[in-house]
């Protein structure tokens, strides 16, 4: 097991990479870099998820860790040892792929014993390790069977097991491992993974585009976009205090409401088509936001908005554009000038009338400048 | 025009894909076909489209029997779960192809293609080949081609299932808006309850080739005609537990006592299966009537906005849904609350006996023999 | 290190593979007297006399033209009948489909020697002996089954939903097949054409039997000339070299399709 | 996966059926006809029943040719299969080397079969052949026109030279179809190159190798032009394979009846192998397609 450190890792798939990693401002236009200057520490024994849309670089990042890809620039350290030039084998990494990779001609037992045999472990010890792992993964009864004949989820467990049998493994990497698993079985495997983490305290890194998988699996989730890690935090921190607008949009279903605004007199002023709607902010937050030069956006999650029938202190008049009854909750779409906001209401909440008043709870209303969170005073995410 | 299926069934090589079923879809209606994988959703859609011929029964459009009519002569459009486009045509030519076949004038084609492309945000991509597009854009192209045709019947077979989580969410919302204004009969197949609720309209619940229930989506959700509908139409899974109704109270799984009150008063003494959806369980007491239940956490799933807590209680496994993101450790003891007002009661054969009030306006149209 | 060893091995093998061909090239650039007189690893006095003779003598070069004509004819016939059939096998279940496919494959395996006499009689009866068409038709015996088989593999790789979408869009079969479907299996058609060309080009037994003068293939003229001129090795080698040229050209043009076709695992 | 049920598909198959039937069924019927008749001349024929079949079955030379044929095919496979796989393993996976290798490998496949024979005559003759002269120069007597063993060595070498590239190309295709994840997993599991070959490449090649094995078996079973040009079936009858003997019988001696009966038996043997081939293909098909 090891603490893994990324030291200014950048990677380009081009043969002759552009000489400079471009500045964040122009990043969107330049797709030559799959990873841009990533500094990150993966603590020993942590359960991490790499979450992001297709093509954000998360699989590249994973392959850099395992050593299947040599980064164009930067160093990677395992416990302060530079492993940048080492092979996957020398790094002691295990990886579980999107599709189960098993050795067709071997039995389950032989499959599980394979990495140990290659490392010259004794027969007796191999047997006990395999038995132990098979027990954990509920594969004991299948040990003598040909691996080829098993179901997809059992095969995926074998691929995982080949990583678990090695007690010297530095980290186990997962590349969207549940893609081929039947939806009804997914949660069972998620549970298995959790158990394994609790039991073995291994460093686990899990790549996915599905927030459900990432947030369920990981203690700390790294949200990636366009080759950068935007935020690493606990599921709760990502939900409550996303440090980047993309994180706010990407986490949560539906994502965070983001409205362009300007700051005046300790409040956010949003274009409502008339003379501007005022949304009161935490004074300290407002002061910092006012000092920012980049464009300001107001952020609030649909869960935190409240509706009132009557105008009141700090309530903003909106037009209701639609109400969807989604069984467990009602999703309201409100129009505020040119902007659209989503509001999540309880299933028993009364359906709002055509016009309503929206309350932005002050402690839940956050502000972004140039896409980055403007820190309030007391808010320091867990 | 109305689409009617009369006693339509499909058998392939001795294997029944669809048992005889009757369905009527009104013009301009929005219909969801909800069912787990292999429920027969695709078989049903292919019969509706005319891609396959039913083994028995008739398909009628208006008063017209179209059972044996080739798909070329029908006014249908279809979107598959794979991204199906003509790989050698540009996006523009892809969208234009059904119009060109229909011998429509060039100017008119151009206008309609650009309109559809704008609607699906493909404006800047018209000259590209499908291979040069992302998955989401490819599926948008397929959707545009289906919409531009202005067919009588638009079939969508799990169109979003192969997209990224977030893309799925976005496109789902756009779709609903796109269908709202059309006269077309839309049929949308999905395995996901939430998707069914988002699309709205009417829902047909299909399982193992049988039509279990049909009706307005929200009513079917609130008043599942049988246990199986409850299972298919709940995500996370509905909590089901055997119980006995006594004179004064109801005993669930041997341990939990519910008062025999409210909508449960109608139950005659005897054995039942009780169902309660995960979001009607809560770790906070929301109500004085709620009954406390204790168990061990085996998993806590977070989907971004909600947390699903899997709790083991004796042999039974419960799922509790909590708003927001919460962390519960594996093996932690937890107490949650069950609101008796939200409990469904099913007879031993599976049929719904009592549903929570508020769902009584639903019409349960059990057809083809509810399981 | 391992990679290097492998590459060395591969280059060595390719060198051995080319050695006999090189030797023939060597011979073809020398006169017969030279060949019989001195043993030399390379032509000491290279000249193109043998080639010039072939290109100036109609009894020689017409053989090439004959071969190219019937081979091309065969490729066209094989492809045009195999395309619709392969589509049927890849898309439809119909009465006797499996048996039909098997029967086709058995013809790919039929020994040409068995068909020698009956073919001669058959084509004599219908007056096709010594025509290009006779050879082209005879070669369909093994090329059509092969073409159907290869094309079926490529077509099965195209999702059926594309066909359905086209029919839903209102395409008729012929237009769909030509404008939508064929471009999708372009590399399959390329690979198939290559194999038809190849097997028709290399076959000699039937081609020689069904022709006498007008359509006689080069390969047959070669053997005949050998006995007549009392083994002119140089001339023979030059003629042999020239039979490799068309094949080499074809394979050069379809090499990218080849790689793709092989990647699809069907040949 | 599911196909459409429609018997009208026959319309699409009809051209193929007609053209192949014309080339296969009519001639085959002629052969059957000959095999049960004795023909003296135009219009003079006598029904002889199974006489020709009996004659052929008890023909010692035919039986010898058959065993020779099996030995030849067996030897061909023994060399071609492992060699082909080895070459496929050594071929580059990407880059300009791929096209070059493919083109060079395919070259022998594109040479007319009798020219193959010619090439090998020129190559192996003791007087002018590179190989023949070299070997004889080393003091080893080598002449395929007089020594049966030398003739066999030459014929087998020619066959291996000619057809190993096909096996290599097929195996290469099979190797390219293995998902990259398998190799990555093996690297991570610490597998050696030999392990990768034994536990990943070889099992995944099973289907392709079955196809090439059967293909090569059949085609080597039908071989005619190459050995005929090279050795003429000699010395003596040492390299007289089935097809060579059949043509001798039919064209050389004009023994139509026995030749026809021989053809039928030959064809039945081939049919049996075709059937096995087809069965194997079907199994491979279901094994590979998900």
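Each chain carries a letter (A, B, C and D) given by its place in the written order, and its residues are counted from 1.
One rule holds for everything that comes next: a residue touches a chain if its C-beta (ideal position, glycine included) is under 8 Å from a C-beta of that chain, and two chains touch if they have at least 3 such contacts.
On a predicted model such as this, the values are computed, not experimentally measured, just so you know.
Counting only chains that touch, the fewest steps needed to get from chain C to chain D is 1. By number of C-beta pairs in contact, A-B leads over the other of B-C and A-B.
Taking each chain's centre as the average of its CA atoms, chain A and chain C sit 56 Å apart. Centroids built from CA atoms put chain B at 27 Å from chain A. Looking at chain D, one finds that residues 2, 4 touch two or more other chains. In chain B, no residue touches at least two other chains. Residues 2, 6-7, 9-10, 13-14, 17-21, 23-24, 27, 35-36, 39, 41, 77, 80-82, 84-85, 87-89, 91-95, 97, 100, 102, 104-107, 109-119, 121-122, 137-138, 140-141, 144-145, 148, 160, 198, 201-205, 217-220, 222-223, 233, 236-237, 240, 243-244, 247-248, 250-252, 255-256, 258-259, 262-265, 267 of chain C are the ones that touch chain D when the two sit in their complex. On the side of chain D, the complex with chain C involves touching residues 2-10, 12-13, 15-17, 19-20, 22-24, 26-28, 30-31, 34, 86-87, 89-92, 98-99, 101-115, 118-120, 122-123, 127-130, 133, 161, 165, 169-170, 172-174, 176-177, 193, 207-208, 218, 221-222, 224-225, 229, 242-243, 246-247, 250-251, 256, 259-260, 263, 266-267, 270-271, 273-275, 277-278.
Those residues of chain A lying in contact with chain B across their complex are 53-55, 182-184, 187, 190-191, 194-195, 198, 209-212, 215-216, 234-236, 238-240, 249-255, 301-303, 324-329, 344, 347. Against chain D, the residues of chain A that register as touching in their complex are 66, 68, 87-89, 93-95, 97-99, 101, 103-106, 114-115, 118-119, 159, 162.
Taken in their complex, chain B has these residues touching chain C: 49, 51, 70-72, 76-78, 80, 82, 84, 86-89, 97-98, 101-102, 142, 145, 149.
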